[in-house]
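Across the two complexes that follow, chain A remains constant while its partner is chain B and subsequently chain C.
And then the complex of A and B:
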């Protein structure tokens, strides 16, 4: 089944066209990566899929639910990690996971919290105030929150943004593990190594258009690069 | 409903940590302490019943402070979440626009109610010490009316917050509305109405379009059901139509609350979350 279906998606802000007729699909159980230069339209596309922005035209559905007309149903089955996210700074990490788990699960929230605590891997610091966390710790907490409910679709915008190598490696392992448990992943990243390691399929966006799509291996063969970085550079320069 | 309660709880706890609410509560506290013992002690020595003086002083204070604090806290509530990117993340969860708005509304209302009760509470202690039980009940009724004023201004503030792109814009708009409804509206409306209508009842009914005026009339009616405070007009035509005036003013306040909250909800649903 299609986890995500995007058809002729357009998003305009006044005269500026942020997304210009993008179409792609993500099959259930896969990891799909959107890559592109800054301002290419990646985050806008992810935000539309996450029901946060309304498309100007085109159609987007998540597991068959329309993101505009059935936003409430979509929000029940997705998790979204924004590139920059705020959280209640006066709560501890544990209280924060608890608050969000209750929104999803009501009385049966404890299982989610336990998984969240494990995924965050913050040890005793999970009981510290979020306001005292480093950027990397906050990112881990937010990612744990996004994945603890085992959503049908996890939308991750730059999941390892601002993290050091050790944290970033752990996060990638976490994403792989959660995917193996059946969660479909849609992510964006600037890090080509990360994308090549994680993704089954990749869509390259430039100037609001999808200019190439395929598995990392297919893209390397089709566009003649030794690695995804070369493919990406060649493609973006040629547009 | 559980989502609403969870969000309202967080908003309430956050509200109690809000420095504006702390300043508000402390100002109330100091003013209430200053007013109560001096008024009561001085007037009781002279053999006068002091409740009217104390309560009318508190009415005047609350008619300025309650709208101000309600607008300050509510105008930044949603736009603040948008600026910190909290809204972007929260609204991708199973949280409907209705639950989010209700959570904000209830949480803010409760935090302002607690702060108001704290401020009024100290004055209330003096009131209970010095006054007979029937005046004590009037006192608590007065607090309830003050909280009704808070509710309408929170709804107004949330609408401003939804429509604003920055918190400075929201705060500026909130302050202008406070200034207009507290100081300007009555001057314009009353001079205009009295010059063309010459009918105090209709003029009073129209004046209740300003929620502050409506609440003021309700507060006065609590401590002075005969409306003698209003002078000639009060003892004349208004006294005969007191329920019409009070009913209209209450309906207007409730109507505004539903209208502003409804518009905020529709706007929140219509626009992009970020």
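And then the complex of A and C:
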């Protein structure tokens, strides 16, 4: 089944066209990566899929639910991690996970919290106030929040943004593990190694258009690069 | 309902673990009211003590019959008089100083008007220092009456009668209040009536800023996007924020009520006022009882709560247009300017002189009733609390409907207001 279906998606802010007729699909259980230069339209596309923004035209559905007309149903099955996400700094990490778990699961929230605490891997610091966390700790907490509910679709905008190598590696492992438990992942990233390691399929966006799509291996063969970084650079320059 | 409660609990934790909210909403009224009560009492006591122990300095250039009588007149009224030379004036620490001119007696005996110069010195301009401004005039007026009386007796007239032919009791009918008050009582009430709106204004501005920061903090700390993608109805999210404002309003109301009760208690459940009357310096302390029956307190509390809630709603609306707390507070400060105008309007203009439509507009503003709440309390017009509560409820509904609609639109994320200052850009370019 299609986890995500994007058809001729256009998003304009006044005269500025942020997304210009993008179409792609993400199969259930896969990891799909959107890559592109800054301002290409990746985050806008993810925000539309996450029901935050409304498309100017085109259609987007998540597991068959329209993101505009059935936004409430979409929100029940997705989890979204924005690129520059934060958390309530006067709550402890545990209180934050507990709050989020209760929103999704009501009385059965404990299982989610347990998974969240384990995914975050913050040890005793989970009971510290979020305001005292480092950037890496905060990102781990937020990712744990996004994945602990085992959503049908996790939308992760630059999941390892601004993190050191050790934290980034842990987070990639976390994403892989959760995907193996059946969660479809749609992510964006600047890190080509990360995308190559994680994604089953990749869409390359430039100037609001999808300029290439395929598995990392397919893209390397099609565009003659030794690695994804070369493919990406060649493609973006040619556009 | 459970979901809403969980979100509200989050808001409570976020609010009351943040020192900034505590200071603005709880500590401010708890400190400011007792402080005003204390300062008011202190000012009153200081004025009393100053008048009771007053030393009057006199530069007697006349050195003749009238100046001697004047000095004796003061001493007969237990006022300490010290004679000084003109060259001492600049180094004297006087409060009241009389300069009796050379020809004072001569003028009096030849039937010409003499001139007495009175110098009064105050430390700074304040309500308590105002009390001494009129002392010189009153003493001279008293001395005039004394001379008149003496002349009448010499002429064989009934001085007691002629000096006091009519007793005058000046009553002022305040149309707005629908009641009459002795003029002196009214003058003293002015102080109270004008202080209270500014205290309320300070509190309203604080709450406006706190509530504006409540949503803009979600934007600034990047929690809003996550919040909006959670499986929660947007109306519940709007309600959560409104209830967050309500919590602030509850806390502020409780602190306000406690602070206000302390304030009233410090004034001895009455309003003091000082009058100098007659020929000397009599101090009269009178009390004007303020009714604080439970139902009155309940109405006042409800009015305050609704006004604060509207303020919270407006603060949230303001924050929709901003992306960070500092901008939100700046816009909130700008929004508070019209509230200040309302205070000034009420203080500077005789509202009864306004045309009916202008009065209607004025009284359709929700803040008016809280600003005038102390006035209504003094004159016992509690029905105005009820009117105020109705006006506030109407405004509250309007604000909440707009807020709920905004929360359902993507504009909650994209709307922003920016102030582009060309001058600043030029200066730093």
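The rule is short, and it goes like this: the second predicted complex is superposed on the first by the 239 of 239 C-alpha atoms of A that agree within 3 Å, B and C clash if a C-alpha of one lies under 4 Å from a C-alpha of the other, contacts with A are read in each partner's own complex, and residues count from 1 in each chain.
FYI, a contact is a pair of C-beta atoms (placed from the backbone, for glycine too) under 8 Å apart; a residue touches a chain by one contact, two chains touch by 3 or more.
Since the model is a prediction, treat every value here as computed from it, not as a measurement.
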Three-chain arrangement built on chain A, chain B and chain C clash or fit: clash
Which superposed partner A:103 touches (first chain B, second chain C, both, neither): both
Partner chain in contact with A:167 - chain B first, chain C second, else both or neither: neither
Which of chain B and chain C A:80 touches, first, second, both or neither: both
First (chain B), second (chain C), both or neither touched by A:54: both
Which superposed partner A:90 touches (first chain B, second chain C, both, neither): both
Selected from 27-35, 63-71, 135-143 or 153-161: the stretch of chain C that, after superposition, runs into chain B: 27-35
Overlapping contact positions on chain A, where the chain C interface meets the chain B interface: 47, 50-54, 72, 75-76, 78-82, 84-88, 90-91, 99-100, 102-104, 106, 142
Touch list for chain A against partner chain C, complex: 13, 47, 50-54, 72, 75-76, 78-82, 84-91, 95, 99-100, 102-104, 106, 129, 142, 145
Contacting residues of chain A [partner chain B, same complex]: 47, 50-54, 72, 75-76, 78-82, 84-88, 90-91, 99-100, 102-104, 106, 142, 155
Parts of chain B lying in touch with chain A, wherever the complex brings them together: 2-3, 6, 10, 13-14, 17, 81, 84-86, 88-89, 91-96, 271-274
Parts of chain C lying in touch with chain A, wherever the complex brings them together: 2-3, 6-7, 9-10, 13-14, 17-18, 221-223, 225-226, 228-233, 410, 413-414
